[in-house]
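Letters A, B, C and D mark the chains in the order given here, with residues in each chain numbered from 1 onward.
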Amino acid sequence: MIIHLKNNINEQDAHHLAESVQAFYFKDQEGKKVLVTSSSVKELPKEVEDKVNDFWVFPNDMQLASREYKKETRTVAIGDTRIGGDTGNTILIGGPCSVESEGQIRTSAELIKGMGLTTLRGGCYKPRTSPYSFQGLGLEGLMLLAKMREEYGLKVITEVRDATHVDEVIEHSDVIQVGAKAMYDQGILRACAKTQKPVLIKRGFGTTLQEFVQSAEFVLSGGNENVILCERGIRSFETKTRFTLDLCGVAYLQEHTNLPIILDPSHAMGFAYGVLPLAKACVAMGIDGLLIEAHPTPKLAKSDASQQLDHESFSHLIDELNPIAQAVGYKIV
Amino acid sequence: MIIHLKNNINEQDAHHLAESVQAFYFKDQEGKKVLVTSSSVKELPKEVEDKVNDFWVFPNDMQLASREYKKETRTVAIGDTRIGGDTGNTILIGGPCSVESEGQIRTSAELIKGMGLTTLRGGCYKPRTSPYSFQGLGLEGLMLLAKMREEYGLKVITEVRDATHVDEVIEHSDVIQVGAKAMYDQGILRACAKTQKPVLIKRGFGTTLQEFVQSAEFVLSGGNENVILCERGIRSFETKTRFTLDLCGVAYLQEHTNLPIILDPSHAMGFAYGVLPLAKACVAMGIDGLLIEAHPTPKLAKSDASQQLDHESFSHLIDELNPIAQAVGYKIV
Amino acid sequence: MIIHLKNNINEQDAHHLAESVQAFYFKDQEGKKVLVTSSSVKELPKEVEDKVNDFWVFPNDMQLASREYKKETRTVAIGDTRIGGDTGNTILIGGPCSVESEGQIRTSAELIKGMGLTTLRGGCYKPRTSPYSFQGLGLEGLMLLAKMREEYGLKVITEVRDATHVDEVIEHSDVIQVGAKAMYDQGILRACAKTQKPVLIKRGFGTTLQEFVQSAEFVLSGGNENVILCERGIRSFETKTRFTLDLCGVAYLQEHTNLPIILDPSHAMGFAYGVLPLAKACVAMGIDGLLIEAHPTPKLAKSDASQQLDHESFSHLIDELNPIAQAVGYKIV
Amino acid sequence: MIIHLKNNINEQDAHHLAESVQAFYFKDQEGKKVLVTSSSVKELPKEVEDKVNDFWVFPNDMQLASREYKKETRTVAIGDTRIGGDTGNTILIGGPCSVESEGQIRTSAELIKGMGLTTLRGGCYKPRTSPYSFQGLGLEGLMLLAKMREEYGLKVITEVRDATHVDEVIEHSDVIQVGAKAMYDQGILRACAKTQKPVLIKRGFGTTLQEFVQSAEFVLSGGNENVILCERGIRSFETKTRFTLDLCGVAYLQEHTNLPIILDPSHAMGFAYGVLPLAKACVAMGIDGLLIEAHPTPKLAKSDASQQLDHESFSHLIDELNPIAQAVGYKIV
């Protein structure tokens, strides 16, 4: 149950009420005082009965993220670029799988800047499945991203791998990416709930839509409303492609949740040849953004070599995608 | 291995050669004499060595359907409407899940005709998973479809459920649909190989892309080149949607095979609300057709009630989809 | 709903009643007159109200196969060997994937006979996924199996691939195997419903438990009560093994259905090394049988070479499995 | 590549060598000095050429865990109870899903003690998928487990949810459980690599066998050889059961890896009725342990109520399982 408390309830009382009814409490962006209990609570608790402006009952724990609570898609700002709401923006975020060197990430920054885009991606803490693979540059990579931000006026997004470095990532990136393998990690999610920076949560490849949205509820219920969902492919029996991009799931999320949705066709497909056709499909659904991997020389990439676009292919994306975006009332930004 | 025999080889000799090298033999649409062996044959058999115009070696049994053999997508004609090749056509096929009565299928035919479309779908032999569900009108349904064809000048597509009635379906429909549950059925596939009518093969929901294409090879190797692939969703762990539409798989098929591809978002999604956004995604990939279920009054449908569009929604599809089609160089027909 | 009609209802009236309430009608092995309607029928239809001995209401279409209807596992006889019920028998059925030649199948028959077993398997109509693979000997293979039956006094089980040859298989085999790719095939299922020979239905690799049991309902509702379920592995994301043997599913079937269950660890695993450990696991669950592939020289097998046991390994199975069977109150027969 | 350095190489040189060939270095339980590089290294690096006793080349990053490196299953001690190697022990670990109160966990401890078992499980940091569910008692729960250890002389195993409390769990538990949702978490894995306590890694429900074993490599390559693998069900399309226990995968792991294997039928099945039959199946495969949930009053459990055995059912497990264990040369301890 979500409860909007009356405006005249003071902070201390609000916290007491939250405790007595086992609820999360936060003040939302509009200044409303919000309690959130388990969805198993179907009737207003006696303690709050006369202190309530409004309340909502839910069939399951998709509460703050649901369209029953907020009908319109939430707006999230990545620097000056806003997505969601009625912005009609489909943000195109690009960059390499991993930050590998200053030269490499600078070339990427120049590509993004040169195309008139605003946001650069690059992994520093790589959640590799083998200890014997390249694990990312860590803090050194973060510093290189920060340098690119300063020099090129870009925003940066990078992934947090586990809770040991979540504070560093929150401090140094503009959007915190919670990766597919980390999206159940409460150490990460609860840390992200305490900042107001945008958090992009990737769906785990074995994660149901319900669990995916509940992962966002960990952040939302802590008071950070700037959550973006990212579908990046689930694991099915098919192995000719790396994963299976779940656009049925995207249709479900668009219908039932109020969070902006960014899609990652690169990881879903696993092969560069499929990234453009899938990106087109995604854009045609009226989505809020795309996350696409590009590398100056994909063959030499230290991770995910086969799925990264070269910079020439990436530079054509806007021209390829904008006509489709316009056909559905969006524009690539 | 695919072998093109020299033109001066006569039919009888061609058949003898086929037998001696354990190959399929047929004359293709251009009059070429074609032998197809297992892909495990990597070197020209001695018997044919001096009788060959050209030959192709393959890493697996995707042979006649592969772009290594034919670079361009094959053209298939459904009545006067051609898809594939350089036609730039995305055919929109609509109609109810099941033919239920003359009144119902007539309303559907009028919808299709009124929109300027050419092809009507409707199931007569329903591959239901329970013996206690509505099983379709069978031959009576086929006759109703045939009546609509005559009265409205439409082409009709209907599904064959098993080999006991494959001849009836081949006789009375313009496109033979081999359903997701029947696409391994050699009784059906071999019968389809002997006609020249277009055959639309739906991917089984547990079927790999490789097996899917090999299913087409059963028809192609028998001499019927008019094969269309249809992706309609695979079974994943996600249950909020009926199936998972595999557009990564479509990107794979577009890259590696030469067969036209029609997509069925209705069965994939299982809910009417998701059909339009998914149809948009499909069209943006530059596909050859869409198969979408529509029913005059979905709530009363005898099968798949939740996923069928009502006729008003269906009638807006062309306007919704054409701008996207045009953005990728296609048009809805 | 299942309805037992009063004994004094004559056949003609029973058929009329069945028609008027849209039910299947058959006389069961105990002579009871049984009507089965859709499970959506929750109240006794007026037409039969005063003609009923007993009736059962169900939440879904698992009706004749459910333990709510028959609490005890049904008994099925394969020749003189009975499984299910209180027999405590776990039948071990062996033989090659495909019947390849008289010499090969004779060696197999001698192996089975020599071990004191009773039933020989061997595929004649192979449901291969490629037209370019070995497709089985067809009727010639059936005749070889029939010969082994006569010469060695064995029972034989073989697979029907599609409806074009279902009558041949029903005629010439002792147990009709409906394979994983054919188990939705109503042409086959309805033909099997008209015989009284045992029918072993394999679960499709993309088939839910509910659909699997409903497949059995096609046969049961036609009056053939001799149905055996066979779990043989489902398709999951894991590819180190050929399929994933679903023993959770077996636990479900044992709890909820009244049909004997035979397991096929060979196809599930896909590799000979795993067949014995999996067979042990299966036997420990108290199952009704095992279907295991064995070939005189697996490396030369024309199909499924990697998963077939050699005859020496197969010959040790009884000694390996019997102690486990005994520990759970069963014996290998 | 795994390299055994000569005994006369001193520690400092060993570390230098490790750095120069980008390898992990540790001294194993037998005192051997071990370097491990990526499996992409196929030839001995020049730097170590004359300093090597022995070395192994691998096709992929399953190296320390592979039977090519160590043929015998490793032995791991949980207190005085040893599993793996030639011990023939199948350890039965029981206890509630969550530690809920001192009374509840004491009842559980008495059950375990009373049955002559040695190890108690209980979750303190629950990796729930919703923020609105019971999240576990945290450190308070850990202290209760520690109390039970002292009072009853039991060993305890509990799960680490994320890296924020991994040190607490390592300090206070006897076996560190890395749960299915945390098994890619390098913050956890690298912390576990630095202790010598046994680490039980559960396979993620969307995790391949290869990734599963590589997760163990994170711990092994850091010098902790006491790693146990735990299969607990993967996510398939089947939803009648909670997950799908992958015993084909267990057969694979037994064939290819040298790590002890413990199975968790409770989470796989999700329903108490299936736990015993599945436990029997597991034991018949000759496994090293079982992890089974039991609760004094399952209906009142704060998590996973449907799958926990009541104490009466649990108390019969040894009698039910021991005959099967003995049939395969094991005993339940």
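In this section, contacts are C-beta pairs under 8 Å (C-beta built on N, C-alpha and C of every residue); 3 or more make two chains touch, one makes a residue touch a chain.
These numbers come from a predicted model, not from an experiment.
Chain centre most remote from that of subunit D: B (centre = mean of CA atoms). Separating the CA-averaged centres of subunit A and subunit B is a span of 38 Å.
With each centre defined as the average position of its C-alpha atoms, the distance from subunit A to subunit C rounds to 49 Å. Distance from the subunit B centre to the subunit C centre is 32 Å, each centre being the mean of its Cα atoms.
Of all residues in subunit B, those that touch two or more other chains are 206, 210, 234-237, 239.
If each chain is drawn as a node and touching chains are joined, the picture has every node linked to every other. Within the complex, the subunit B residues that touch subunit D are 206, 235-237, 239. Those residues of subunit D that touch subunit C in the complex are listed here as 206, 208-210, 233-234, 236-252, 254-255, 268-269, 273-274, 277-278, 280-286, 323-324, 326-328. Listing the residues of subunit A that touch subunit D in their complex gives 24, 36-40, 61, 63, 127, 129-133, 135, 161-165, 181-182, 184-188, 204-207, 210-211, 214-215, 217-218, 221, 234-235.
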